[in-house]
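Quick one: the structure is below, questions incoming.
The chains carry the letters A, B, C and D, assigned in the order they are written, with residues numbered from 1 in each.
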C-alpha cells in the first residue's frame, strides 16, 4: 500500500488555491473585509497544509516501500519524435524530493498562517495569497520534477513569484521618488535569469550528451560513459565525458549563484527585502533560495564524476572545488557585509546569503547531506528570524502609529524607519514572546549548542576540516562573523533602552503572528535531532550494520537519493562520504567561535548606540570598510548606468542616427539620388529619409519625367498604343525569325 | 494587270483604310470624329474578313464580321452616350479638354 | 482535384464581395453590419482552416490536399496549392490572428470602415495564398499581393507618420522580392517548371548557381523577417500601423519570411544553406542581442514591442539554420508563439492607445491600479514573450537553442552560437520587465491613467483567446510538434543527404 | 471575281471617302463621308459573295450607326462642334509628325509584305453557299453561344447607355 498516486495532489492543491484566490479572491475580500480575508487567507493556508499532509503520506509510503524512488507520470509535455526529444510532466518521489517537499509545505504553511495576520488590511490581500500559492506550486514543481527541464519550470516559476512578491507594493516610491520595490523585483528576476542562462546551456549540453533530460537516465548514462571511457561526439568533435560534465557543472554553478545568491550574483537578495516580510521568510530564506543547493545535491553524481576524474576547469580548479570555494567565500564576505547593516531585515538577508554559502560549500565538498541538513535547519531558524523581525517591524510601526496619533505635532519626520535597528532598543520588555523566539532563532544561527544551527553548521565544519584547511579556516571565520552580527543585532534590537518613541510604544504582535513563531522555535530547538552524528567511531561502525538506528537519521534517509556510485574498478565513491563521526575538537571550536562572536558583539555594542543618530562603533574601523563589498556598487553604480547608456546609444545613435539616418539616408540614399540626378537631370535633392525614401523619391522623380507622357490626352495614349502595335508588328514580321 | 483582283488587293485596300482610320484617331480632337475613325478601322478589318472568307471558301469569316458589327454597334452606342454625358458637364467634346487622367 | 485549399484561400473574398454591396449609411447603422460581415467571414475562414486541419494527415510528410491546374503551361506555371507540415501551423496562425485582429478593430477603426475591412480580408487571402502556394510563380503573386492591403492599412489608418512608414514598408519589401523574382525566373526557366516539388527534384539544373539563388531568396525573406541589417523598416511600420495591422504584421507577415526560408531556401539549396548557415546564425544572434538592447532603450511602447520582434525572430532564424529537427521544429513553433505573444503584446498596447491615444511609456505607470484584470493578463503575455517555462515562448526558444547546440551546420563550435543566443533570454527579461514596470507598476500619476476605462468583454475575449494558446502550447506542445514532425524530418533528411554528398 | 478596274474605282472611292472623313472640318460632313465609305465597302461585300453582310453593313452601319452619329451631332449642336479645331500648337507638332510617320511606316510594312509574299496564290476556292439562310444556319447552330453572348453584350451596352443618359433632377433624392 502506498500513496504515490496522490503525488500530483501536491501540485493540484496549491493550483486550486491560486485559481480560487486569483479569480474570485479579490471580490470576496472587497465585499466583506474581515471575513473575506479570513476565507482567502485560510484557504491558501489550507491548500499548502494539505500539500504538507500529502507530503507526509508520501514520506510514509517511501519509508514503507524500501525508500526507492517512484515516478508518477502526469502527462506528456514536449515530444519531438524526429529529434528524439521527450520530456514528460512526471513527478519523482524520492527521499530527497520528499525532504524538500516537507520543508517547503511545512514551513510554508506556518508562514501562510503568519501572513494572514501580517497582511491584514492590505488592499491587495488576495493577490498576496494568490502569489503565495503560486509560489508553492512552482516550488513543488521544482523539487518534484523528474527531469532537469521540469525542474527548470519550477526554477523560473519561483523566480517569477519572487519578482512578483518583491515588487508586491509596486506603487510605493522611496524617499527619492524611485519605485524601489519594483526595481528590486526586476533586479532579482534579471539576476536570476543570468543564472538561468547557465542552467539552460547546461541542459543543452546534457541533452546532446545523453539524449534526455530526465535525472535517472542522465546519471546512469554519465556513470556508464565515465566508466567506459567513451568520448562524447559533440559538434563533430570527440570530447571526454568529464570535460562535458565539467562544463555542465560549472554552468549549473552559475544557476546556483543566481538562485541561491552566491558571489557574484548575490546582490539581488538584500534588495529583495523590499517585499513583505513573510515573503522574505518563505522565499528568500527558507525555500526558493535553497533551490540552488537542491540542484547541487540533485546533480551530485555529475559533480562526483568530475571530482573523481580530476578534470580541471581551464586547468585551474575542478568544479566541485570551485563550488566549495564560491560557497565559502560567499559565506565569509556576506557575513562581513552584515556587520554594517542597520536594517534589521538586511542583516538577515546577508546572513541568508552567508548561510547559503555554507550550504553551497558543503555541497561542493561532497557533503551533500550536510548541505541538506543545514538547508532544513536554516529553513527553520531563518524563517523564524524573518518572521520575528516582521513581528518587530509590525510592533515598531504600531508604536509609530500610536505616537503620531497620541501626541499632536510629534509627527515631524525624523527619518524614522521601522526596519532600522538604530531606532529600536529595549524591545525585550515590549515584545516578550517575540523576544524569546527571536533569541532562540538568533542563537541557532550563531551556532549555540544544542540548537539546530549548531548541529548542521558543525557538520559542515567537520567536513571542511577533512577537506581543505584553508576552506575550513574561511568557514570558521564566517561562523565567527555570524555570531558577531547576530549578537550586534540582538543587542541593538532587544537590549539596552529604547532609542525612539516608537520603540517605547511598540506592542506585541497578534497571536496569529506569534503562534507560528513558537512552532518554528520548537522546530529550531529540536531540528538538530534530525542528524545527530555518531559520538564515536565504534558507534559508527556498529550502526552502519543497522542503518535503521537513530543516529544520522537524515543521512540514512537521503542515502537512497544520494547513493554510493561505483565509478571505477579501483573504488566506489561513497555518497554520502564515510559516516561522520562527531569530533569534539571541531564542535568545541565551533562553539567557541560562536560564543566569542557573541561576546565580541557584547563588548563592542553594549549599550550602544546611545541615540539613533550616533554613528556605529565600528564605523571608523577597517572592518566596516571591508564589509561594504563593492560588488553591488559595481553593478548598480557602474554597470547598470553603463548598460542604460549603451542601450540608448545603440537605439538612438547607432540604430537611429547612424544606421537609419547616416547609412541609409546620407550614404546609400544620397549616392542613389546623385546617380538618379545624373541620369535623369530632373532631380533635385531635398528631404532626407532612408534608402527606401531615396528609392521612393527617385521613383517619384522618375515619375515626374514619366508623367509628362501622361498628358491625359486620349490621343497621346492612342498614339502610344499605335506605336506599340506597329512596333510589335514590325518585330514579329522582320525580327522574330 | 491581272485578269481579276485577288486577295492582295483587298489586303492593300483594307490596310489603307485602316491607316486612315488610325490617323483619324491620332489626329482629330473631335470625339465624335474619333469614334467615326474607329468605325472605319473596324470596317477595314471586316473587309479583310470577308475577303478571306471568300478566298478560303469559308463561312466563318462572315460570321465573325457579324459579331464585329454587333460589337461596333454596342461600342458606338456607349461611346456616344459617354460623349453626351461628358458634353453635359464640360460643355465640350474636345477630347484634349477631357484630361482628368493627367498625371 | 481537391478544392479545399482553394476554398480556404479565397473564402475571405466572399466577405469582400458582401461588404462591397453594403451601402455605408449616414447614420452609421451599416457600420456594425460591415464589421459583422468581416468577423463572420474571418471566423468562417478560421473554421475552414480547422476543417483543413481535420483533413490533414500529419503522418504523411508530403504535400496534401493538392489542387493543381495548369495556368500558363508553356512556361510550366501552374495553379498549385498544397499543404504539409510546414504550412499547416502557419495557416492556423493566419486565420486565427486575422480573426482576432478583425475583432480587435471593432472600436479602433472609425473611418472608412468599408475599405478597412475589405483590405483586412484581402490581406488574409494573400497570406493564406503565400502559405499554400506550391508553385513559385503563384507564390510570388501572393507574396506581392500581401503588400498592397498592408500598404493601405498602414497608409490610411496608421499613426502620424503613416505615409512615410507605408512607403518605406512597401519599397523595402518590394526591393527584396525583386531579387527573389530574378532567382525564381532563373530557376523556372532552367527547369521549365515553377512547381516547388518539381524544382526540388530537378535541383541539379540550377545547382551550379545555387549560391546566388540562395542569396536572392535569402534577401527577400530576410527583409521580411527581418534579419539584422535589414530591419530598419520594421519599427516604423509597426509603430505607425493601426493595432490590427501591427498584430497581423508581427503575427503573420513576418512569418512569411521564416516560412520562406524553410519552404524554399532549405530544400532548394541545401548545400548553400549549409554553407551560409554560420553567417546567417551570426546575423540572427546579432539580431537577438541587438533587438533586445535597442528595445530596452525605447520610450515608445509600440516601438519596444516592434524591436522585440527582431530579437524573437533572431531565435527563429537561428533555429532554421541549425538545420536539424529540433531547430527547425522549434523555429516553426516559435513562429507561432511569436505570433501569439507579440500579437497579444501589440493588442494590449493598442488597447491602452485606444484609451489614451498615447504611446509614450512615460504617460503610463500604475495601470495595474486602474485595470487590474487587464494587467494580470498582460503580465502573462509579457511573461510568455519573455519565455517563462510553462508558457509558449519557452518551448519554442528552448527547442531552438537545443537545436542550435547540436547543429552540424554550426560546427565545430555550435555551443558558442548557442551561448550568445541564450543571452537573449537574459536580455528579454531586462527589457520586458522594464516595459511592464513602466506601463503597469508605480503610482498612478497622470490623468490619462486615472481616466482609463476598464477592459470590456470584447477585449477580455481576445486576450483570453490568446491566452488559451499561450498556455496550451506552453503545457502540452506535443500536438503541435506532431503536426510538423514528419515533414520537417523529411526535409532534414534531404538536407543531410545533400550535405553528405557534398563532403 | 471582279475585274481590277471596277475594284480600283470602288477602292478609290472608299479611300477618298475615308480621307474626306478624316479631313473635313464639319462633323456632319465627316459622317456623310463615312456613309459613303460604308456603302462602297458594302458593294465590295456583295462582290465578295457576302450578300447578307452587305445588307447588314448598310442597315446597321450606314443606317443605324451613322444616323446615331448624326443624331448626336445635331443634338449637341453642329455649331459648337465647328469650334473644335485641329490647329497645331508647338508642343503638339511632334505628336502629329509621329502619327503620320507611324502611319507611313505601317503602310510601308503592308506594302512590303504584299510585295514580298503573295497571299493569294493563283487558285481560288469555289464559291460557297453564303446565302442568308446558310449564314443563319451556321450562326444559330455552330455559333449559337457567341451569338447569345453578343445579345448579353448589347444588353449591357443598353444598360450603360441608359445610365449615362440618365439625368438626375435637382432637389430630389432619387431621380
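The rule is short, and it goes like this: contacts are C-beta pairs under 8 Å (C-beta built on N, C-alpha and C of every residue); 3 or more make two chains touch, one makes a residue touch a chain.
Given the structure is predicted, the values throughout are model-derived calculations rather than measurements.
S.K.: Looking only at C-beta pairs in contact, point me to the busier pair out of A-C and A-B.
M.R.: More contacting C-beta pairs are found at A-C.
S.K.: Quick check: how many Å separate the C-alpha centres of chain A and chain C?
M.R.: About 35 Å separates the centre of chain A from that of chain C.
S.K.: Express in whole angstrom the distance between the two chain centres, defined as the mean CA positions of chain A and chain B.
M.R.: Going by mean C-alpha positions, chain A sits 88 Å from chain B.
S.K.: In whole angstrom, what separates the CA-based centres of chain B and chain D?
M.R.: A distance of 4 Å separates the two centres.
S.K.: Roughly how far is chain C from chain D, centre to centre by C-alpha average, rounded to an integer in Å?
M.R.: 57
S.K.: Pull out every residue in chain C that's touching 2 or more other chains.
M.R.: Nothing qualifies.
S.K.: Of all the residues in chain A, which ones touch at least 2 other chains?
M.R.: In chain A, the residues touching two or more other chains are 715, 719, 722.
S.K.: Chain D: which residues touch two or more other chains?
M.R.: 95, 99, 102, 106
S.K.: Applying that definition of touch, give me each pair of chains that meets it.
M.R.: According to the stated criterion, the contacting chain pairs are A-B, A-C, A-D, B-D.
S.K.: What part of chain D is in contact with chain A in the complex they form?
M.R.: 95, 98-99, 102, 105-106, 109, 113
S.K.: Within the complex, which stretch of chain B touches chain A?
M.R.: The contact residues of chain B facing chain A are 22, 25-29, 34, 95-96, 98-103.
S.K.: Give every residue of chain B touching chain D within the complex, in rising order.
M.R.: 1-13, 15-24, 26-30, 32-33, 35-37, 39-40, 43, 46-47, 50-51, 53-60, 62-63, 65-67, 69-78, 80-85, 87-88, 92-94
S.K.: Spell out the part of chain A that touches chain D in their complex, as residue ranges.
M.R.: 715-716, 719, 722-723, 726, 729-730, 733
S.K.: Which chain D residues qualify as touching chain B in the complex?
M.R.: Within the complex, chain D touches chain B at residues 1-4, 7, 11, 14-15, 18-19, 21-22, 27, 30-31, 34, 37-38, 41, 44-45, 48-50, 52-53, 56-57, 60-61, 64-65, 68-69, 72-73, 75-76, 81, 84-86, 95-96, 99-100, 102-103, 106-107, 110-111, 114, 118-121, 124-128, 130, 134-135, 138-139, 142-143, 146-147, 150, 153-154, 156-158, 160-161, 164-165, 167.
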